[in-house]
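Which chain is which? They are A, B, C, D, E and F, in the order written, and residues in each are numbered from 1.
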Amino acid sequence: MRILIINPNSDLDMTRTIEAAGRAFAAGRFEVDCLATPGAPRFIETYEDQALTAPGMIGLIRENHGAFDAFVIACHCDPNLDLMKEISRKPVVGIGEASMKLATMLGHRFSVISTAAHSVPNKEALIEKYHLRDDLASVRSPGEAEADAELEDKFYRMAKAAVDEDGAEVIVLGCAGLAGLDKRLQAKLGVPVLDGVVCALIIAAGLAQYGVSTSKARRYKPD
Amino acid sequence: MRILIINPNSDLDMTRTIEAAGRAFAAGRFEVDCLATPGAPRFIETYEDQALTAPGMIGLIRENHGAFDAFVIACHCDPNLDLMKEISRKPVVGIGEASMKLATMLGHRFSVISTAAHSVPNKEALIEKYHLRDDLASVRSPGEAEADAELEDKFYRMAKAAVDEDGAEVIVLGCAGLAGLDKRLQAKLGVPVLDGVVCALIIAAGLAQYGVSTSKARRYKPD
Amino acid sequence: MRILIINPNSDLDMTRTIEAAGRAFAAGRFEVDCLATPGAPRFIETYEDQALTAPGMIGLIRENHGAFDAFVIACHCDPNLDLMKEISRKPVVGIGEASMKLATMLGHRFSVISTAAHSVPNKEALIEKYHLRDDLASVRSPGEAEADAELEDKFYRMAKAAVDEDGAEVIVLGCAGLAGLDKRLQAKLGVPVLDGVVCALIIAAGLAQYGVSTSKARRYKPD
Amino acid sequence: MRILIINPNSDLDMTRTIEAAGRAFAAGRFEVDCLATPGAPRFIETYEDQALTAPGMIGLIRENHGAFDAFVIACHCDPNLDLMKEISRKPVVGIGEASMKLATMLGHRFSVISTAAHSVPNKEALIEKYHLRDDLASVRSPGEAEADAELEDKFYRMAKAAVDEDGAEVIVLGCAGLAGLDKRLQAKLGVPVLDGVVCALIIAAGLAQYGVSTSKARRYKPD
Amino acid sequence: MRILIINPNSDLDMTRTIEAAGRAFAAGRFEVDCLATPGAPRFIETYEDQALTAPGMIGLIRENHGAFDAFVIACHCDPNLDLMKEISRKPVVGIGEASMKLATMLGHRFSVISTAAHSVPNKEALIEKYHLRDDLASVRSPGEAEADAELEDKFYRMAKAAVDEDGAEVIVLGCAGLAGLDKRLQAKLGVPVLDGVVCALIIAAGLAQYGVSTSKARRYKPD
Amino acid sequence: MRILIINPNSDLDMTRTIEAAGRAFAAGRFEVDCLATPGAPRFIETYEDQALTAPGMIGLIRENHGAFDAFVIACHCDPNLDLMKEISRKPVVGIGEASMKLATMLGHRFSVISTAAHSVPNKEALIEKYHLRDDLASVRSPGEAEADAELEDKFYRMAKAAVDEDGAEVIVLGCAGLAGLDKRLQAKLGVPVLDGVVCALIIAAGLAQYGVSTSKARRYKPD
């Protein structure tokens, strides 16, 4: 079985990090490749970034459709996920959707820890789209005072506050490309910490194994 | 005051119909132009259609930003509306959002009457995004048996059923380019029937007059 | 076109302020009159105040029904709005409903800034009635420590806190009769600030122009 | 202990029926009086009816405040209930609120059986106000074909349909003044059938006995 | 009329306290007995505790079914309440459900004051089950710093904070066996404070008097 | 890796069927055992059945805790799932929760196809507990007229009606022990059909591989 991880941005370092993390989790049980999206922005932050990466993502999924058994979209805002589900006959899993839905099976409420204030309302809109508002403790992003703090410290402090002040019982990392941070934070916090890429691989590999894919009944019918 | 209506598809007939309807409503109180989107599909039905029309819509709004006071997106699925709000400093109004939110001020529950079965779940997803689920009576689309019926008959029968069986008190037309149908159906049904283009012009002109536009606090901040 | 603004209280100064603000916005595009409600309390704060002003409001709308094209109810708790919609065949718009629903089109979440602690739960109940709870950041009112502060300072501090602490992207002024405060606060805060009277005039004028009014299907049928 | 049932309409026959039913339930454990509202309409159907009965209801509760230990509002649309709670320091219970909230303790979902199509959306709005939408199976009213049917037959057929087709497990009678119908329908249907007056007496007597009443913290503070 | 209060734990002191409080409220209007559950844990805190007490509770209700007219489950997490409703043909009332639903009739929002941090998410899950999330101000439990504080002081401070900071207008005591605390806190706080045992007795006695019990239509059908 | 499937009932045939299906899916990638619950009822239908099987399930999970890496609870009503999550330090996955949450990733709305009318409200209560109400098309069970129909025919007709009439895009089988029915129905219906045991194995194996388990922060803390 082969799974293609689509990195919706064009950052090659992040692409390699994601691929390595995916392969480490797969551990030979299935093959994992990760591709950056041609013509995509360097980061996906705005709605415009999401639109600009769509043509490249469409191309990637169409060109690789025969060679892979399932697809993972590796940006935590799940850009163009409805579209990817629509044009593929194979399982397509977003790391945002997979990590947040798995989180609901592991504790009472989850918090998402994100990198920029900008992303709080956008993440909240995504959470509502997935009908997860009642499972959410909070979405946190670093304040301005935190701008220069070291990434892992920042994430630790936000996650700790989510657990202590917001009632979070599970932490979801709100970005791809943070390989290893999940385990280090989990060890310090004592609650489950989820990396979206791993979560999406669990679901994508499982669905491919099982032989089910997106329903073509109506919403994701390609024409 | 000048308002630009962006028709997200590339159908020139529909573009002219929308422009005429918009000008008829404006009646000289403000100027209305309507432009088709370059490079867009002929119809906007799928998530892929919505992605393919994004670059053209971005171009239209950027090129015309200085010359107009507000923008209307004239497709009832509000394609790329978040993006348009993000990149513009002037009011941007979707005909889906405007017509359904105005409908909530005119009666207990509204129904959307749509053209294709395909669009029912997509419209439901849009309605949830706008937090309008509790205001909704139903989304109706013609069954297969209706495929060859005359458009106005079909819409009348669906709207009648929505009022009689689903408890709808207001009818929202789920497509652009149906100029005049609102008034003819309203006369027959005896309940308000809303055309999205007119509704969006009411809001867009009002916001421009008032001097308020999309908040740039976080969600629609362009960078 | 002529619009009658009904001030549900009996305060003549506030009535004149509202009329002036309404006319300033209309700017000759339509006529605006504002009338105080005969027999009404000086302020509308309690449920009893709302009941006591009903007979006068019924009288005002009945006596002036032929002479005006639409009606605005100018108290932010929308007193007797269902009743006004029920007995009129012309558009009736509450400033609470209009301002809060327009706010949802301008940003991710809105906050209402109110004058008295008393009004917080009553406003929350109103917000739930309009199914706007998911669009709400917060309802804020001045604490006791603020009792003697200057009105504009108080409103600024509450609005600033709503933006910085509650995630509000749009501010709604929770009272009528604050003409001009919207623009001064908007300039300081950098986010849209909405005055209910202007918002209601946008909707009321638009609906009258369009020729649609409250559905008489069931809920607002007068008998 | 004495409980005053306020009949918000002016129908003396219904007033006597309600009083007799209330006394039959009280069975000497507490005293029950029922008064018609002076100056009220004959029936309470519209929002205007609700407003017109407010002054009389205010008068009744103020004049009788010292002589009674609790008050019941005996119209299933709970007219002016917020106001009655606000102006009284003693328990005030609406028959709509009491019967529908008790219904949620007796089965999975309840249906309300009402007398007129007019009342369906109004009842739905009331149900949302009480946050009972997720407990509701349906609100049913007789169709036009049923206009001339005998009342008990009509109610039986609607209740039977609610149980068989809508999944109702408990039936709530949507009107006051139907003394005895609850027990006759319950015997035929085999599910609990609730009369609002009895339900409200249970709660009102219990609260009075317990010594708790409406909170005056904020929402129901009289000034 | 005789009501059996089932104490789901095996603590005999608490059983006697509950019985005394129940009899004090009943004041001879009906008989009250309270029994501890044989084989139950000393306290009911965890999901395992709830399961371990089920066989004893089943036994108690079956052995005493003929001798009593209604049953109260006297633990605020309502352990095995669905099961008790299922196997009994007489009214069964949980003190959590009764107290929180009565609270919604007495003020805008209620807070539950609980004994252990452990119980906050469990209580939230219960509140969601009863569809009371929109009526809730907060669930509060003592922080670690409070571990050694005197019980009444702790409850007072939590309740005060709920009223002042969370907008609670009614306080619900989140444990059984606190007889008298309701009245002492109510006197200090000036808002209604509800003890679950009393609330459940009000409902249970009322339902028994009325002759209605759990619907056997589907959800609570015993086979 | 070894996964233990706990069959909460005591039916040995069903236990063997489930084990075979589990092993077929695992296909050697991980080991699967299935055990019937000692002392459990033959079928789990009522709340009492769920309580009676708890001691046996507790015993099974405690005795086998060291020997397995994850646990699956193989009854679609997820009996005692909160308790199993509480007492285990390893992943515990219910087939109801897993199948319905995976269904939300595969289409707009899902329907659950169940065996008995009895189970409709109980399933609805479970769906609300998981916050999946907005993802649900319907829960269907065979009517009385269907009592004697062949199982596969019955399930096909219910699933077809769910797709055609209720808007379901994904079908979830509401029972364990139906190995093979998923693939046969999927072939006929053309939409994804999910068997709970397979879905739970996907999640359980994935979580065990990933090294995450139920949060012990609060709700599932064992003491």
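In this text, contacts are C-beta pairs under 8 Å (C-beta built on N, C-alpha and C of every residue); 3 or more make two chains touch, one makes a residue touch a chain.
In this text, all values refer to a predicted model and were calculated from it rather than measured experimentally.
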{"item": "Each chain counted as touching chain C and chain D at once", "value": "B, E"}
{"item": "Identity of the chain that, by mean CA position, is farthest from chain C", "value": "F"}
{"item": "Copy pair chain D, chain E: interface residue numbering same or different (half cut)", "value": "same"}
{"item": "Inter-centroid spacing, chain F versus chain B (mean Cα positions, whole Å)", "value": "42"}
{"item": "Cα-centroid distance, chain B relative to chain C, in whole angstrom", "value": "26"}
{"item": "Distance from the mean Cα position of chain B to that of chain A, given in whole angstrom", "value": "32"}
{"item": "Separation of mean Cα positions, chain D and chain A [Å, integer]", "value": "51"}
{"item": "Multi-partner residues of chain F (each touching 2 or more other chains)", "value": "108, 120-121, 125, 128, 134, 167, 169, 218-220"}
{"item": "Chain contact graph, described as a line, ring, star, complete graph or other shape", "value": "other"}
{"item": "Touching pairs - complete list by chain label", "value": "A-B, A-C, A-E, A-F, B-C, B-D, B-F, C-D, C-E, D-E, D-F, E-F"}
{"item": "Residue ranges of chain F touching chain A (in the complex, touch as defined)", "value": "25, 27, 29, 93, 97-98, 101-102, 104-108, 130-132, 134-135, 163, 167-170, 183, 186, 190-194, 198-199, 202-203, 205-207, 209-220"}
{"item": "Chain C to chain A touching residues, read off their complex", "value": "108-109, 134, 167, 169"}
{"item": "Touching residues on chain B, where the partner in the complex is chain A", "value": "45-48, 50-52, 54-55, 58, 80, 82-83, 86-87, 117-118, 120-122, 125, 128-129, 218-223"}
{"item": "Complex interface listing, chain D residues touching chain B", "value": "120-121, 124-125, 128, 133"}
